[in-house]
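For reference, chains read A, B, C, D, E and F in written order, and residue numbers begin at 1 within each chain.
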Amino acid sequence: MARPVTLISGQWADLPFETLAEKLGQWGFDGIEIACWGDHFDVDQALSDDAYVKNRREILERNGLNVWAIANHLLGQAVSDPIDARHQAIVPPDVWGDGDPTGVQQRAAEKMKDTARAAAKLGVTTVTGFTGSPVWHMLYSFPPNDFAEIERGYERFAEQWSPIIDVFDAEGVKFALEVHPTEIAYDFVTTRKTLDALDNRPGFGINLDPSHFAHQFLDTAEFAIEFADRIYHVHVKDSIKRLNGRRSILGSHINFGELERGWDFVSPGHGDVDFEDLFRALNRIGYQGPLSIEWEDSGMDRDWGAPDALAFVRRTDFSPSTVAFDAAFERK
Amino acid sequence: MARPVTLISGQWADLPFETLAEKLGQWGFDGIEIACWGDHFDVDQALSDDAYVKNRREILERNGLNVWAIANHLLGQAVSDPIDARHQAIVPPDVWGDGDPTGVQQRAAEKMKDTARAAAKLGVTTVTGFTGSPVWHMLYSFPPNDFAEIERGYERFAEQWSPIIDVFDAEGVKFALEVHPTEIAYDFVTTRKTLDALDNRPGFGINLDPSHFAHQFLDTAEFAIEFADRIYHVHVKDSIKRLNGRRSILGSHINFGELERGWDFVSPGHGDVDFEDLFRALNRIGYQGPLSIEWEDSGMDRDWGAPDALAFVRRTDFSPSTVAFDAAFERK
Amino acid sequence: MARPVTLISGQWADLPFETLAEKLGQWGFDGIEIACWGDHFDVDQALSDDAYVKNRREILERNGLNVWAIANHLLGQAVSDPIDARHQAIVPPDVWGDGDPTGVQQRAAEKMKDTARAAAKLGVTTVTGFTGSPVWHMLYSFPPNDFAEIERGYERFAEQWSPIIDVFDAEGVKFALEVHPTEIAYDFVTTRKTLDALDNRPGFGINLDPSHFAHQFLDTAEFAIEFADRIYHVHVKDSIKRLNGRRSILGSHINFGELERGWDFVSPGHGDVDFEDLFRALNRIGYQGPLSIEWEDSGMDRDWGAPDALAFVRRTDFSPSTVAFDAAFERK
Amino acid sequence: MARPVTLISGQWADLPFETLAEKLGQWGFDGIEIACWGDHFDVDQALSDDAYVKNRREILERNGLNVWAIANHLLGQAVSDPIDARHQAIVPPDVWGDGDPTGVQQRAAEKMKDTARAAAKLGVTTVTGFTGSPVWHMLYSFPPNDFAEIERGYERFAEQWSPIIDVFDAEGVKFALEVHPTEIAYDFVTTRKTLDALDNRPGFGINLDPSHFAHQFLDTAEFAIEFADRIYHVHVKDSIKRLNGRRSILGSHINFGELERGWDFVSPGHGDVDFEDLFRALNRIGYQGPLSIEWEDSGMDRDWGAPDALAFVRRTDFSPSTVAFDAAFERK
Amino acid sequence: MARPVTLISGQWADLPFETLAEKLGQWGFDGIEIACWGDHFDVDQALSDDAYVKNRREILERNGLNVWAIANHLLGQAVSDPIDARHQAIVPPDVWGDGDPTGVQQRAAEKMKDTARAAAKLGVTTVTGFTGSPVWHMLYSFPPNDFAEIERGYERFAEQWSPIIDVFDAEGVKFALEVHPTEIAYDFVTTRKTLDALDNRPGFGINLDPSHFAHQFLDTAEFAIEFADRIYHVHVKDSIKRLNGRRSILGSHINFGELERGWDFVSPGHGDVDFEDLFRALNRIGYQGPLSIEWEDSGMDRDWGAPDALAFVRRTDFSPSTVAFDAAFERK
Amino acid sequence: MARPVTLISGQWADLPFETLAEKLGQWGFDGIEIACWGDHFDVDQALSDDAYVKNRREILERNGLNVWAIANHLLGQAVSDPIDARHQAIVPPDVWGDGDPTGVQQRAAEKMKDTARAAAKLGVTTVTGFTGSPVWHMLYSFPPNDFAEIERGYERFAEQWSPIIDVFDAEGVKFALEVHPTEIAYDFVTTRKTLDALDNRPGFGINLDPSHFAHQFLDTAEFAIEFADRIYHVHVKDSIKRLNGRRSILGSHINFGELERGWDFVSPGHGDVDFEDLFRALNRIGYQGPLSIEWEDSGMDRDWGAPDALAFVRRTDFSPSTVAFDAAFERK
């Protein structure tokens, strides 16, 4: 049986939830990974208003859709990041408050706990998201890093997230970090460190998104194998390297979609990610959850692209075999 | 005539200047790019004490060495960087003072002006170094950058460095920024922006170091061609990519020399840099200055490596031709 | 809105125009780039006979087709080429006349002016074609070229084509040279020279065909960006390199389709051209004209191939986006 | 006209022949390459029972299927192999008998003659299969091979197979060896030796299967050209290399489907084989026989994969052209 | 301090030991890895005749040479291999005896014990060699392997070698298996199995030879890291892939040096092995033993090649660093 | 025994012969391939003046040099080329005469006969050179070639060269065509045609120069194997591809040394040619003649480059082996 295909609603937050649900239903998606921003899913309202949650469910059902996860990347980011001006644009006013960094972090942490509670109320067991990172800005060691300070960053992260994950555990919900540059974990090494910092507790796992691996020259399928028991959710998103000796792999401080970038996000199947290899690895580790398309391609019309991506996943994802073939060569 | 070969003394700052000079003289180097840290070259003392400068010159002459440039990367870094704890380790106590960021930046800027004056006094016309960057920490645009803020970063940089370059101009000395991640310029795009921010004034140019380009997948020879009139100094340093699907090109927040890094610095000729291609480009643009070996290889004994690197440069660098060959096919 | 897809009729000149139009209509093409040879479009008749032009239009309309350009490669070739025996096969008898080279060139030039007039009469504003080249035979500099002679070749070309383009300007029609080996322009360097020789006058632009770039190892998408304002028409044609150490990239003086050639033309999507990359570049430069399939594959049945190529273009060409995706991450 | 597409029934021998025929008919296959094991085709019964043969034909017709070849790999293998315990699992009890190697080989040889007779009775002119090899175990020359012994192995092979091919000739049937590691021929060199050993008699040719070439780094299309007149049957099967520096191309003595193998079989179109290049070569040599899918992919559900493979072949195989395209450029 | 460079004498067994020692001394080698065949080192004589051992030592000293290991590949091969005609050429008559396989294996095993005793008497603590393999001939699983039988092969190997290694332990000598196709271990997977079969007892380790890894597409440096504590000896031998689509990676049953082979052995530094990468890995794991050149290149004169190989190793092997370079950037 | 190393004097024709001979003697060359232009070797004078020839020999001997071949590329070129203005610069006035094409070709042909006579008189048995080509200008088939005309070109070539080779045969001298674009043979296909056109007569063979193959993506070593019995002389010259998506492999009608060329000539060992692979092939075919450096690198000082090239050849060329290595594994 093939895996369900969903779409994360975050990049469509300019559309009302109901409008988006209608589109997705017509295109044939199986569900939505609902973002906790725009008007798609309001954590506070969900906790305070039973009718709101019921209404969300009704909209889904009316359009033949299901939900396996909600996404709260923006608030999670504010928990462990050093707060700067950019965070004001991504957190709601009551979390930003006076903008004092410690306060912002704490209020964001509380809201992440509420997100677990809201997820439980909606009836989903996975929250995808970001964590931010106390050490991301020390990526390139110059001025030379005191590497003990990096280790302390992982400890601080663990102190910030352990109480959050306690609530997740209590609610029977799991947090799935999207491993991603700018986050506490963005590759094999840092993912190991992150899981270790939390004593590998099961409440904290991974939202695996290959688009953040391809431009780092990482093999997502091998990652899936190595961290098999922590793959809680999977994004289908693609990226492409456009290196020509004049474009840096580091991105040149210019926006996605700019001609001179060394890599960019593209619609699934249009980039460097080897999705068949990834899906085979997911079969091998027994992942049965949704394949959630995160659609982002600054050079393509999204109404052309989203159904194209859905068709791509439908024809690329297949069920594993249970037959050993050479066995058939043997005489009965 | 081949170009002179020097060594930048920064990574040998644990050795007294005289000891290092003796080594280099015996190995056959043509000169030293003297770092303004360790005991190698003290800017304050040079300005206040004529004998000090004379003594430096004598040590060089005694060992058959010359000097074409001095290096002050560490102080330059503090001019435009947002100051954090790491800077305390790289600036002298009188620059650090109480550690208030604005004060540190201003005192570092003053010391850079003094560096130009000291260079003039020593009789060299080039200071190599870093600038720091107000925007480096916004490398990956998440939380999403306000790209206007990036532009304002280049303006701030120009405000900070214009008065410094005024002094360089007055002293007849040029500043050569080592284009490098963590600096205001690290690739083609950002170098263009940097030079533009300073109205392409001739006092500010480039110290071209290919080791910072190779892991970005940039072509150093094309860079030399494009910025031909701003190549004021050249480093010979190498780096190697060790990508295997499990190591990130971003460096994994681990130190140079660690097995799991996706790239590392290595002794010249042992890595990915195509030095012949670079030297041909330098011939093409008419660069006649020193080739200054920056020796850094965490897996090799430096006393084995530095003479190996010198021999590598001697056999790889050659003079250009003035003969058009097919012309010789013509009958006289 | 996707771009219209047409087919250049030149390689189907063995079929009567009406037969071809029926085929294309049934296959679902949007139009025809009508070749001025075979019986497809007769320039003389068009100029002398209004009913002829009307009839051409009727045939198109009857089959649901449109026309955005006519093609006159064969006559254009004779304008600037040194005339030899091969030209007799590609120009009509009245242009060949007695075969005296200068006369052939002049008569071909007059007919190109007529082509502009006929295009205007048919109601199209683009004529695609070739120019020939006074210097192509000096491709490999042995016996050593006098390179001043190459420059004189570009001047001669400009003298021959300026009066032709005057007529194009007068008629409100543009000439689009198919950049191609054997022509005055076949790569980046020679295209720059060609446009410069004509003072970059707008009446003379480019018919961009990637199949002539791939075997030269040229990047068609970068070409589209560099010459953005001169891309007047686009061919969809593919080529493939079949190098194995025994086959020369130069073609071995054997015909297309021979096993031992180092490269060959193939049906679009079956070769080396990265069409998605090209179409993204066309989106970036705002090209809205036709994508005209030039179908040529010596190893494939053309009635299988042409609809296969049409389907390929339909699924590969897409509209650009107007949404900035990370913007959606921001809170409202 | 496109080539018929069949499926070799060997890997589906767990299904009754009729069940398989129904599946294939519904999926749209043109025929079956019937394996002489499982209950699919019993050589003894075919020779002794006319109704059996008629029944097989009826099952095919009922499902809109045809048959161009039968396969007897398992018995052929026992003719020239040194017999060991593994052969007991692949030959029927009456061939195994007491397991004495010479006896097993002789009985297998007799049964191969019967296979030719049964093929004739069924009305097919091709038997595909294996031969085994007296020298395969000497693949890596350590302890150092006496290479004269290799030559003697080819002579022994010829002695064993000549009488078999005599029967094939008499019956008007051809034997098509699947060139494959473990067989007397597995690459260019050994295929030449094999055909030479049999004096290139026409009764013995090749069943060309590209999946056995890709992991050897062999070019199947070039093989088809070189051995054009001996390509009697073609398999469509794919394989993929998964080399990462830790997986050996030699297979590590672990089963297909294991994660640590350096290569594996995969469903057609999902691996390294360039089928278009192969089909173009088949067009070039005039091969008009079936393309027989041998479906084997330990990571894919076979009921998903077989129709996927059929669709792949249908869209990839095309008829050759008879038009010379540049000819159309000439004036009529 | 650089590692000593030796030469394994096996491929020079046509020369008397003394002649070879003189050559090596003159060329500047540090020692010999003495083969137990030809007249180089006779195990029986060494055990029975003290003067013989003393004489060997004198010859070495006279030529300025040392010995760190003796090699007994040929006898080791006969311990676990299924014995066939090829073994008669590589074992002495008293081991071959009547050629009964079990007897040959047992006598070879006894002689391997004696080899440990002779090594101890000579004063060396390492014996390099082969083991043979009960399962090598099952490399390609057709007829399909019973993989339980592979496991039993590793058990049989352990039963055969445990008593041998008991003697090695008693003598304070270690056995270093040259991981190599045809042996019980030839890649990562089979090396893990082999060491596990012997419960990872320290008496049994690895003679690491990269030439056997390169044609398998294995990364020798990663192998050295993974099996760091079992790398007891290192060969410097090179191999090259010559794949062109017509040559199989499997070797085509033709001898080394034949034009049509897909890979071949070549003099160190002339092939695919990345020796610098390997030597860096050896530095990382702290290997301080000899680098023993195994010289074999069927296309090169060995008297030209051996000193060329020595020079190659001398200029490629270097000592590791103990300095952390960025530390030098810090102010004192 | 290694092969002698010579230098072709053509690109040094601006220097008097004696000056060049002194240089080469001091650098350690074994000989000169003397060009028949500049003052190096005058065919007419050699035939008319015995003292001239004796003097040439004396100059060689005085500088420890030998001569194995003379080169007459420029006159050979005029034999089969369509004559144009460029030929006037490469032939002497008495050959050019009134410039009438047929006359120039005939006079050049006569002079080539004289070259054979002069070679014999000098005591050398090889003349290297060019032939020109009647069909080179038809390289790219547009306007479409009449391929029968290509065939006629080969016939014309044979008619022109047969009488010349008759004289070579009579004099006991062989002509060695440098296979090269612009010549009658420039790759595998055209070399076969060329040799066939002359009925493979032994008087006409090949001067093998890999620099003309590398940019065509041809494998020179395979060429040496295929045409083994016609390899009469070998040039050591290198070329490099500098493709970056903007530079054409066809050369852009710009001179060697220009930045925008897609490929260029470089000093041996600095480009794409795999000389070790070539020298191994020469060993395999038993070529014992000179390796003649043709030095041409527009970016390198030739007095630095020529000795660098000589050292490169000396360390890269080696003698073949006569030992079969695995044989040494066998017991005596």
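Assume a residue touches a chain if its C-beta (ideal position, glycine included) is under 8 Å from a C-beta of that chain, and two chains touch if they have at least 3 such contacts.
By chain, UniProt protein names: A, B, C, D, E, F = Sugar phosphate isomerase/epimerase.
Because the structure is a prediction, the values reported are computed rather than measured.
Novice: Does A-B or B-E have the larger number of C-beta pairs in contact?
Specialist: A-B
Novice: Most remote chain relative to chain A, going by C-alpha centroids?
Specialist: If we average the C-alpha coordinates per chain, F ends up farthest from chain A.
Novice: Nearest 5 degrees is plenty: how much rotation brings the CA atoms of chain C onto those of chain E?
Specialist: Best-fit rotation on C-alpha atoms: 180 degrees.
Novice: For chain E versus chain F, which are copies of one sequence, does the interface use mostly the same residue numbers on each side, meaning over half shared, or is it different?
Specialist: Different, since most residue numbers here occur in only one copy.
Novice: Would you kindly tell me how far, in whole Å, the mean C-alpha position of chain C lies from that of chain B?
Specialist: 50
Novice: Distance between chain B and chain D based on Cα centroids, please, to the nearest Å.
Specialist: Averaging C-alpha atoms per chain gives centres 63 Å apart.
Novice: Quick check on chain E: which residues sit in contact with 2+ other chains?
Specialist: In chain E, the residues touching two or more other chains are 74, 89-90, 141-144, 219, 222, 244-245, 255-256, 326, 329-330.
Novice: Would you pull the chain A residues touching chain B in the complex into a rising list?
Specialist: Its residues touching chain B are 74, 77, 81, 85-87, 89-90, 135, 137-147, 149-150, 180-182, 186-190, 215-219, 222, 243, 245-256, 260, 262.
Novice: So in the complex, the part of chain A that touches chain D is made up of which residues?
Specialist: Going through chain A, the ones touching chain D are 219, 222, 225, 276, 280, 283-284, 318-326, 328-332.
Novice: Which residues of chain C touch chain D in the complex?
Specialist: 10-14, 37-39, 73-74, 89-92, 244, 255-257, 259, 265, 270, 296-302, 304-305, 308
Novice: Quick check: in the complex, which residue numbers of chain B touch chain D?
Specialist: Answer in residue numbers: 244-245.
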